[in-house]
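Scrolling down, you'll hit the structures one after another.
Each of the two complexes below includes subunit A, the first together with subunit B, the second together with subunit C.
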Partner chain A sequence: MTAMDVRERDPYRIHGGHGHALGGPAPIRIVVGYGFWIFLLSDIVMFSAFFAAYAVLAGKTAGGPSGAELFNLRNVAIETAALLLSSFTCGLAGLAVTARRSSWFYVAMTVTFVLGASFILLELREFVHMVASGAGPTRSAFLSAFFTLVGCHGLHVTAGLLWLLTMMAQIFAKGFRDDILRRFMCFSLFWHALDIIWVALFTVVYLLGASR
Partner chain B sequence: MLGKLSWDVIPFDQPLPMIASAVVALTILGVLAWVFLAGHFPYLWREWITSVDHKRIGVMYTLLALLMLLRGFSDAVMMRSQQALAFQAPGYLPPDHFNQVFSAHGTIMIFFGAMPFVIGLMNLVVPLQLGVRDVAFPTLNSVSLWLTATGALLVNISLVIGEFARTGWLPYPPLSETAYSPGVGVDYYLWAVQIAGVGTLLTGINFVTTILKMRAPGMSYLRMSMFCWTSLAASLLIVAAFPILTATLAMLTLDRYFGFHFFTNEAGGNMLMFVNLIWAWGHPEVYILVLPAFGIFSEVISTFSSKPLFGYRSMVAATLFICIVSFMVWLHHFFTMGAGADVNAAFGIATSIIAVGTGVKIYNWMFTMYGGRIRFATPMLWSLGFMVTFVIGGMTGVLLAVPPADFLLHNSLFLVAHFHNVIIGGVLFGAFAGYTYWFPKAFGFRLHEGWGKLAFWLTLIGFYATFVPLYAVGLLGMTRRMQHFDVPAWYPWVLVAGAGMIITTAGVVAQIIQLVVSIRQRAALRDSTGDPWDGRSLEWATPSPPPVFNFAALPHVEGEEPYWSIKQRAREQNRLRDEPEYEPIEMPRNSPTGFICAFFATVMGFALIWHIWWMVALGALGAFATFVVFAWRDKPEYVISAAEVARIDRANRSARREALATYTGPRP
Partner chain C sequence: MSNADDRHAQRRDTHDLERYDIDTAPGDEYLGDTDVGSGLRGYVIGLGLATLLTIASFWLPGTDLVWAPGVPVALVVLAIAQMGVHLVFFLHITTGPDNTNNALALAFGVLIVVLVIGGSIWIMANLDKNLMPMNAIMNMNR
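What follows is the complex of A and B.
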């Protein structure tokens, strides 16, 4: 069986993908997606270091306010809803791309942007409120860890919003070209990964924090 | 406007750093002036600086590593000579300067000497051994290189503008917090390592993807050469460990810049959390460095013993075993933390167990040599020197893994001797073996054997003369990082170590002369066949230096040691394989993205160190703009015509045919 045959019969090489490398290097779409997954894993490792630091310092309030006194679960619930919904609309944008429907793509991406931006605004409002009430990151080790962990996720979402706008501009300027589609695939992986991290964050920081 | 920057930060009153930096600055300016005046700049820009070719990126990484090894070595010379002169005397380096020297030595040697050397060799060789044309993400590869160079540049800028950290190569808090290190030294460390660390992380992602997803047809996992396996293990470790470094340094940065309380003494901070986190990265880092070196030794020992590697599968298993267990031993760097007997015992046992993996490898290398026709070329000498030296280093390591013994030896020169024993004897010897082994592949001519052998013997003897006394004086109770000392019993040992340094220096000089002599005699040292050592893996199937596309047609791999089987069949049938059907090849275009990104990263890093906030914003904006411009490109690739491919491959084939016709060795 030549490399050509394998590629035609099994374009994504599901069968040759277990280390046999029958057909030689994987198609570029697989390579890009795989590489981006590895990047996401490394990002999750970075978050896990921040999570670990938070776990160590969560009780070190140094006489300052604790999570139970600070967290407003209603606010966080709205943030969560906005972010999870934005992943749904991001998925819709993916469907629009598959169907090559550019107008639906722009609509879905705009809604994703609005939801993501509302998430960031709500988070910022929470931060500003905390700092104004004397519970800023310099108050205690607990608050340092809190602002860093949550803020790092917020920075990721902000970077994602910037990427989202760039992505829309790219589809507008270049159309549904192969390399642009690969980039969109990476963007949506990134956006969904931020959700996964948020779920962990929501649980470990807010739910557990509000209960003690 | 310029943050903390002013004329006062340049140490005009200290002659030593001023002279050193003047020499460095004049050398750099001289080289730049020569490049521009002689009209070499367009060539350098076109063919090297913007290159996304993995081989050229590998060469540039290695060059950076060699330069930084020299810089780190000069720090080492200063430390050993200071201590030799500082018995009941102040010596010539004031404490403030001495502390910067040992911090810079460790930082430079690990991050900008050893890492780029190992990554450079990975870049040069791994795609060739996998039988493919490039890494998974060629432009990202160039970004990695230049970000690493940015880090190296920032560390060296600290020589002239401001100061470097006085905290050791790992800036333990609370010493590294603003309260005790108010200057910019620690900030230089943080941003240099942070930026270079991002580059390394991208390299790790790139190589994991390359090795797992881009292999020649038929190159299954258990047909990959050992160096690919160890590179894969090291890349996996990079992906899993470097993000921890990023996070840890970010936390210290927040403490220093915004008054956070991660590691401070007050408000609930926990300074030992820094020590735990940094070693959760730091111990895997040791294996990130040494695993690829193990791969190099496997290649070299097998080639120069003219035998397949003994116990290939057990070697793979041992590599992956080390890869995993390396994450379970970090606490042995600070048994004295006081975690209690049970925790210390668990980590002590894990540390002893990890030595088993290395032991398996040592035996495999010995059995590879057993019964082989061994050729004692320079790369083989480095490998033999490694096997003896590393076993000694490993045994002192197992000794240190016993917590009660460690309580006595912690932070003594015994420890210093131990880790130099494994890093010089393991990583550096490996890097030099790889350097002499693959040099002809990169440049088309071999390195001079005589000077190479002299360099090896001088380095080996110099190493033992320097570090065996340090073991002894460590057992006598001398701690590390002493600017001066008053104990007469230590003095003779310190003097012998100083003398050892002179021998090592001679080894370094011999290595430099080797390079110069080899370049001058390159016609005589020419490697016309592409296979100067009678190699066994696919990189030797290409001409030296390989064309930009590496392989005219991707090789079909049918077993272990793919090139050896191709060569044996040719020797058996006394003819080469049939000429393949040549097809046009698409290759990625060169791109200045990496260089421009690194330029903005340098601007941003420098501005962050000196609190010049508008410049930080400018750098960030520039970096984003660079990415957008890169993302907007329409033609990422260019095509090499089938005729051109055929012309290059036919030249290679005729060289091979000639080598086959004049072959006189044993035939299968």
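What follows is the complex of A and C.
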């Protein structure tokens, strides 16, 4: 008997609400995932305001340096590769959780941390270099918008790195418990969402800025 | 059909429903009997597509492949394609009936993002074009 036959025999879902066979509220994992997804979307809406500010102010350099003069695309390419690979290894850590293989999990999470930390270090080096050469956030409206947008993403990645270490510690101390697995699911969603924002960021800020 | 047979059939129905009709949230990888091999295949495909799109984005502005004024549009299209790849292969957003809430929330988020960014650029470009330059206003007040 297939699921389709069951649906035909019970068209009004008397024996089960939509999406789960036994009726009643959805499993906690579904509710937690949905709630965290709403949070991520609101975070993305907040970023869209910073993106809008940057798009409006990108040309207002007040006689200071423009993006084309400041941006080092080779540096940005390395940052992009680090973050994309870290997203991949975060997915591998999720698969290790599925298979309940703690050694794979620690290796994948460590690689994710190293890649994320190198992203942050490259970004910090870029910021320090820009401020030292007189292109700090107070120089022009363009640079204010640049440091706000890119710095906000950098802060998110830093928070993600702290969360990553917390998850490793929790799996170490408490094992693959249901509540810990839900926290890990939220962490992996957060980390993947940061990579999505970075895609918009390297396109709008760096690639469009350098070709402007 | 005897009572025991009926119960047995019902349990099998429930099992079928659980397998085919269950909710999955974005990133829900370890649900039930998830297969690590197919999960890995999804991430590898996602990584490959994202890498190709990233390389295309970085490579495109340096070439004559696209008419120069069209380069920004091409870059934005590549970025949106890559975000789609991330959503499908990394965040596991689907259009299946089990994922309607997540997809609807995403659609609403996209609506707000488009309104905020598109509206700001539109209004500010309009003001930029129609307002008097600041020094002209200063001269009028003098």
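Quick note on the criterion: the second predicted complex is superposed on the first by the 190 of 212 C-alpha atoms of A that agree within 3 Å, B and C clash if a C-alpha of one lies under 4 Å from a C-alpha of the other, contacts with A are read in each partner's own complex, and residues count from 1 in each chain.
Here is the rule we use: contacts are C-beta pairs under 8 Å (C-beta built on N, C-alpha and C of every residue); 3 or more make two chains touch, one makes a residue touch a chain.
Predicted model only: the values in this text are computed from it and were never measured.
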So in the superposed three-chain picture, is A:25 touching just subunit B, just subunit C, both, or none of them (first/second/both/neither)? first
Identify the partner contact of A:92: answer first if only subunit B is touched, second if only subunit C is, both if each is, neither if none is. second
Subunit B versus subunit C as contact partner of A:183, first or second or both or neither: first
Does subunit B (first) or subunit C (second) touch A:138, or do both, or does neither? first
So in the superposed three-chain picture, is A:111 touching just subunit B, just subunit C, both, or none of them (first/second/both/neither)? neither
Which of subunit B and subunit C A:56 touches, first, second, both or neither: both
Between subunit B (first) and subunit C (second), which does A:207 come into contact with in this model arrangement: first, second, both, or neither? second
Quick check for you: in the superposed arrangement, does A:199 touch first (subunit B), second (subunit C), both or neither? second
Touching A:45, do we find subunit B (first), subunit C (second), both, or neither? both
Which partner, subunit B or subunit C, is in contact with more residues of subunit A? C
Residues of subunit A at both interfaces, subunit B in one complex, subunit C in the other: 3, 19-22, 26, 30, 34, 38, 41-42, 45, 49, 52-53, 56
Note: in the complex, subunit B contacts subunit A through residues 132, 136-137, 201, 204-206, 208-209, 212-222, 239-244, 246-248, 250-251, 254-255, 258-262, 264, 266-270, 273, 277, 280, 554, 624, 628, 631-632, 634, 636
In the complex, subunit C touches subunit A at residues 9, 12-14, 16-31, 34, 36, 39-40, 43, 46-47, 50-51, 54, 57-58, 61, 71-72, 75-76, 78-79, 82-83, 86-87, 90-91, 97-98, 101-102, 105-106, 108-109, 112-113, 116-117, 119-121, 124
Residue numbers of subunit A touching subunit B in their complex, please. 3, 19-26, 30-31, 34-35, 38-39, 41-43, 45-47, 49-50, 52-53, 56-57, 60-62, 137-142, 144-145, 147-148, 162, 166, 170, 173-174, 179, 183
Subunit C touches which residues of subunit A in the complex? 1-3, 6, 16, 18-22, 26-27, 29-30, 32-34, 37-38, 41-42, 44-45, 48-49, 51-53, 55-56, 73, 77, 80-81, 84-85, 87-88, 91-92, 94-95, 97-99, 181, 185, 188-189, 192-193, 195-196, 199-200, 202-204, 207-208, 210-211
